[in-house]
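Quick heads-up: structures coming right below.
Two complexes come next, and they have one chain in common, chain A, joined by chain B in the first and chain C in the second.
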Partner chain A sequence: MENLRIGVYICMCGTNIAKIVDVEAVAKFASEVPEVVLAKSYKYMCSNPGQEMIIQDIKENNLNRIVVAACSPNMHERTFRSALRIAGLNQYLLEMANIREQCSWVHSDPVEATEKAKALVNAAISRVKLHEELESVSARMCPNVLVIGGGIAGMTAALELADAGNTVYLVEKENHLGGNLARVDLTAPYLYSARDLLTERITRINNNKNIKVFLSSKVTSLTGYIGNFRAVIQNLVSIQEGKTRDTEVEIGNVIVCTGYKEFDASRIVHYGYGKLPNVITSFEFEKMLRAGRIETKEGKTPKYVAIIHCVGSRSQEFHSYCSRVCCMTALKYAHEIKSAIPDCYVSDIYIDMHAFGKGHEDFYRSSSQAKTLFLMYEKGDRPVIHKAGPKDDCGMLIEVNEKLSGETIEIPADLVILMVGMEAREDAYEVARIVNISQDKEGWFIESHPKLEPVATTTDGVFIAGTCVAPKDIPDTVAQARAAAARILARIAKEKIEIDALYSEVNPNLCSGCRLCNLLCPYSAIEFLEDKKQSHIISALCKGCGVCVAACPSSAIKGRHFTDQQILAQVEGLLAEKL
Partner chain B sequence: MAIRVNPEFINELDRFGAEDVQLCYQCGDCSTVCPHADEVYRFPRKSMKLLQMGLEQKIETTLEPWLCYYCGQCSEQCPREADPGETMMSLRRWLISKYDFTGISRAFYKSRTVEVLTIIFVAILTGALLLYYGFTNGNIGIYDGEGAFLPSHFVHRFDLSVGAILLVFLLINAFRMWKMVMVRGTNFPVPWWLYIKKFYQLPWHFFTQKRYSECEKKRGHKIYMPWLIHLGLMLGYVTMLVLVMVFVELLQKGPEIRWEVHVFGYLATIGLLAGTIYFIRGRFKKHYIQYKKSHGTDWVFVILLFMIVITGISQHIFHRTGLIEMANITYVIHLMSAVPWLLRMPFTKWAHLVYRPLAMYFASIRREAIERDTAVKELYPLVIK
Partner chain C sequence: MEETKPKLKLAVYWAAACGGCCVSVLDVHEKLFDIISAADLVFWPIALDTKYHDVEKMPDGYIDITLFNGAIRNTENEEMAKLLRKKSKILVAYGSCAHLGGIPGLANFTTKDEIFKRVYFESESVVNEKNLIPVPEYKAEEGTLFLPSFYNDVRALSQVTEPDYYLPGCPPQSERLLEVFKAIVSGAELPPKGSVIGAETKTQCDECIRKKTENKRIKKFYRPWEIKDDGITCFMEQGVLCMGPATRAGCGYRCIKGNAPCRGCYGPPPGVPDPGAKMMSAVASIIDEKDPEGINKILEDLADPAGTFYRFSLPVSLIRRKIL
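Let's look at the complex of A and B:
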């Protein structure tokens, strides 16, 4: 057993700690604990002179364990670890006692607070004695990337990565690229053709040797960890033919870009979708626009077109969120209809006009200028569509309690367009399970931080981009795709990934192969080695949460830096009788 | 019962001057700044919406356009440049044409040519009639008394018959207005005695134009200039009308007439002249937002008025300086512009003079009737605070 030489530092944190805790008394107490070589108090331990003091003491006094009694380790553990490193000591030979958040800030009696501080320091000293030198490991970063979904998001990300020289496997379940945008005519608000936006990308992808496109395919499994994943890509056509044609690929990162599907309009019964022939969805109208012929089922040019917003969105019954693109798409229809049929009357029946994006407000204004009739309905009070009578000059009449005027009105219509909202795809759950990410209550994939990490997930190496995260328009979708690609390129550039030393390990001599831990690990970090019939923890995936350590009936799992002995020593130190 | 929207209506209103209604996105800024809007009479925002939807039957029954004095504050405020002030003005024009049973008003608003041709026709007819009378019964060298070219008793009778025609038109139209607004436009009981209780509103608003001054007040102006001019012009006009209708025989007599007639005559002339010049200047300079867009009929109105004032004054001067022949000729020209101008009144902007006080009167009856009617209270939850 090595000769322990412990240094203890009590921080005053200005007066934050010192005004309640008698730091001198604590230092004096610590200096009397066996194996403590020195104990000092100082005004600001985290300051440069504070750190310098630790480094100096380690060198001069040959200290090999350090205890800092100060603030929460969340604040400054990294600071003091780096001081240890500079002094040439392994950074894990440090323990912090939190005598600020857990003591001076929450107590008012100086005597008792000082006693508690002593107990906390004693616990840290007891624990640090059992600390071991640990090394963080590094793993290789495979530069290949798997992109799931070949919509505008997936294609953009794939090109970005491939242009930087990396191999990209682009998996699309349909037999063509483009996703939902391939069903759209012009795009709001600048009226660029969606076809042009897509063909440019598709051509570039087809000509790019770095991108391997798998059409009519799905990813059926993803194993491994960041930098070292293996994925199985299954061809759906061959499945139908009763064969299997699976491809296994090695990748370092994954981007999920599986997009959205449209709301099923027939779920709102009184819009009569599916029953009234001239009540159609926005996508059906896009189809007419792409074909260049706006007409009713009877083949007539409509004189009145009505557009109903928020179909399936912004309602407690269906989806409470706003689908974000349909307002501008509706305005786009008004424009396209007016330019195709100048004497057609367009009514736009909305809840609120969401025109928040760049260029949107101007687009809204120009639709007003074109004499689109805007009518507002109350969220819970949907318009009702009736068939018109024989004397009316229109096919249908829409009854609305118009909110802005307070009048109950009837709007003539030959064609009614329902602005169906966006929904998570049916198989989103399956995708989430395969790549190990979570979904919110509406089925959208969850980012690891909604503000600061919009494209990362809680699984390292798996990113999300585009409308599979939440409804958004093309610019936002493309921005996310490029952001995810940039994150991955930065990692590829480093070539290796650092893995924190705080992971758990299975002792093969003790593991009975019960597989209990395999089921419990929230990060899917435990694999079962079939040949040895034992579990094994992939250190790169393990976050050191300790669930398996506690659960293992054979006590075969050790959480590094959180061993049973270390924790028990800490508890004993805390409860020691004579302080 | 659901009312059917009429998307074509907005195009019709275009011709009455409401060119930018479609731009309104209902933010309500205009109603917030309007000095006259309140919980019962919500305008111009709501009027804009009714107009966009083309709810013709509904707009017909509204009084809101008459409650607006076109101070222009709403138009200055509007973030969409939808020009709500001008829209209210156009609605007034449209309402005048709706109240008018002859269809003349409509024709005038829709085509300036029709209006100008009608005016010329009436002017020539008047001129021909007067000249015929003058040359067959009188002497162009005599202005008043025995053998006069246009003897005052004749002119008086002539004036009275023009006045009678005017009155018939106005009364019929006012009755139609009452029916639209107070019968078809109310779905709540209006007790008859309210008509008596509120009657004072009629002369009060007619003679003070008080609500106009409130526009200036809200702007924070110390001197309510447009209101003063407006009031001066209106009072001048009314005085002159009374003089012409009742005292024309005295007026024509010459220097020996009663001094009161003189004083009133001069005062009225000053009011008319100042007002006319002010308005013409305003329309040229467009320094007030309400003058930014002048409808064709507005121009015809000022030009005619200006002609009347000028010929009236010069005829007076010629008479006093002894240029009797000139005086008689100018008299004919004066009447040639005055008659069409007067006859135009029930069909155009000057019908304001009648409709606006009537509207104020009806509006205050309506307000009280609404407040009284508990059932209707539910429709106007804001009123019962």
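Let's look at the complex of A and C:
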């Protein structure tokens, strides 16, 4: 084995460490540990002169292991690793001892804190001796992309990727593209036609040779890892005919854009949806608008139309979240009814008016001027719909406990529109399982960070965009689709993907194939090789979490940089008697 | 067999042992004659009337191979271990007791005092009106009488002297003994000192032919008599704890062939410092429950966990013994 030449650096962190820990005493202690060539203290190790000192010492004294006793490795491990790299030493030959967060900041007795700092430094020295040079590996990045779902999100992402010259497989389970937007008439707040928006997208997709559209199809399996996935696309029509027509494709990344479904209004029995013929959902009303005829089931032009908000949304019983688009859609309806039937009375029954998006507040103001009766009801309460009597000049009566006036008001209605909210699709679980992503308690897919990583997931190479993540309107949906596409384009441009060196590996000389580890990996990195009857870790998927390392009863799995020997040496160093 | 080479000198000794290991040497049946034709047995208390002082008189390194079985429980065991080390060219820790501390090593879950109290005063079959207890030294009219002193700890052979090899098993599979013996007689190159011989590097599951799937999740533990074993499916997948995954192969998975789960007598595979801890960590990983109370409920069905996980290996484990 090589001769160990260890350099130890004790940081004062200004006075953060030095005011409690006697850094000179710690440095003196370290300098006396066998194989330590030099031990120094310094005011700010992370500063440029601090790093420069390490680099110089490595070069001049042929140091081959470095211990920095300073703050948490979360803070500066990268900094010191890069110093090692600059000095020509493998970056993993470094160990940090945390004598700030875990010592000076939490102790007040200088004598004891100094002893503890010595123990932590001794532990780091014992461990660093066993550190190995590790190299990160790189894998190929296949430029093809799989997009699941052909709504506005999926189509936008597909075009973005294909325009840059990449092959896109766009899989849609229905027999047409467009998703829910194909059921919408005009869009709030600027009243663009949804049909125009979609026609533009669909035409461009059909004319783009890089996009292979699979209609009436589903993805049934996804294997491999980022840059190197294989997906099987199944044709649903052929399944109905008793045949299978599967296509296997190679891809590097996946975007899931499977969207939402509308809340089933018949679940709220009070509204009589499905029983009272003229209580309809927003989607049914969109259909009327698209057909250009607003009328009751009996074929009459309604004199009174009532719109009820938050159907299935913002309620403890159904979904606690706000569906975000229905308030503006309701205003759009008020607007369209008024322009189609100018003498119609429209009442809008809401909890709060959520008009948070760009242009929405103006839209709200212009709608209020269009003589709509706004009635506010309490969250948790619910308007009640009755059939009107023979003497009334309307079909139904709605009783509302109006919140602003504090009175119970009865309003007439010939047509009631229920603003049904959005919910996760029934088969979202199946999709999540196939592409290995998670769902929240409402069934929406979970992003890897809600603020900073809104379209990435915990599975590298699998992205999510649009309303399959949470309810949102078209601009937000499109922004996410473009963001996911941009993330992928940046990766494709690099052609290769760097895989962190801190993965775990199975030693084939020790694995007995007991299969105990097979289902434990949170990242699905473990596969069982049937031919060898042994388990294997796909290093590109492994995050080095250590779950399988702890579980393998034969110690056949080695967590690189966290081996049993390294950890035991660290513990022994910490507990050593003579410090 | 032609007498070309001088015959080897062979010794078999028992320390804190049950006798099973000595019997396992006889279990080679008619092959014993092959052994005797290649080797002279110079010391074997179960079968020959050779005395300790005869061994003391032998020159150092006189014995070619000593198969030392049993753990180190008292001063006599330790003295004989050191004596036989001196007198033997190759000292083999034979069987689980010598290798890991074995079944007698479970006594490290208690203390010498507790053992004496139980054995000499409390045991249902003991009548001890005068409250007598053995003492290591007794001055009689004829002179001083000595008994070996009983230690507080049971130790493995490697914890008192340096064996050359370890041949695991409780007792070792006789075929493996023969293989090892033949290898030594043939003059083949021997593995490095300190090796485990007569066993594999992988664990029982490598050889075991029971059907294994990825679904090792455990919702409930059963003791073998509580289920109807289908004879085909991996014990763990039936909820029966099997030490096979943490135990070296080499016995020919003989317990599993007999439809009983492995109890771990062949000891840990290389690189596992503490098989009990390793197996506990493995079992903890596959318990199919997230709620702490649910987990406790599942664990309640695991009979005698300490004795199960450390059945053969307590003295050489990281914890070594009960502390409090």
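Basically, the second predicted complex is superposed on the first by the 579 of 579 C-alpha atoms of A that agree within 3 Å, B and C clash if a C-alpha of one lies under 4 Å from a C-alpha of the other, contacts with A are read in each partner's own complex, and residues count from 1 in each chain.
Here is the rule we go by: contacts are C-beta pairs under 8 Å (C-beta built on N, C-alpha and C of every residue); 3 or more make two chains touch, one makes a residue touch a chain.
Everything numeric in this text was worked out from a predicted model, so none of it was measured.
In the model built by aligning both structures on chain A, chain B fits alongside chain C without clashing. Shared-chain residue A:E399: touches chain B; no touch with chain C. After overlaying the two complexes on the shared chain, residue contacts for A:L197 are found with neither chain B nor chain C. Looking at the shared chain after the overlay, A:L375 reaches chain B, while chain C stays out of its contact range. When both complexes are overlaid on chain A, the residue A:C511 reaches chain C alone and has no touch with chain B. Applying the stated contact rule after C-alpha superposition, one finds that A:A486 touches neither chain B nor chain C. Between chain B and chain C, an angle of 140 degrees opens at the CA centre of chain A in the superposed model, to the nearest 10.
Look at A:S347: by the touch rule set out above, it reaches chain B but stays clear of chain C. In the superposition on chain A, A:L574 makes contact with neither chain B nor chain C.
Once both complexes are placed on a shared chain A, the shortest Cα to Cα gap between chain B and chain C comes to 47 Å. The intersection of chain A residues touching chain B with those touching chain C, taken from the two complexes, is empty.
Across the interface of their complex, chain A is touched by residues 1-5, 7-8, 10-11, 22-26, 45-46, 49-50, 52-53, 55, 58, 80, 379 of chain B.
Within the complex formed with chain A, the chain C residues making contact are 201-206, 212-217, 236, 244-246, 249, 269-273, 275, 278-279, 281-282, 285-286.
Contact residues on chain A toward chain C in their complex (touch as defined above): 509-520, 528, 533, 547, 550-555, 564, 568. Within the complex formed with chain B, the chain A residues making contact are 304, 345, 347, 353, 364-365, 368-376, 397, 399, 402, 404-412.
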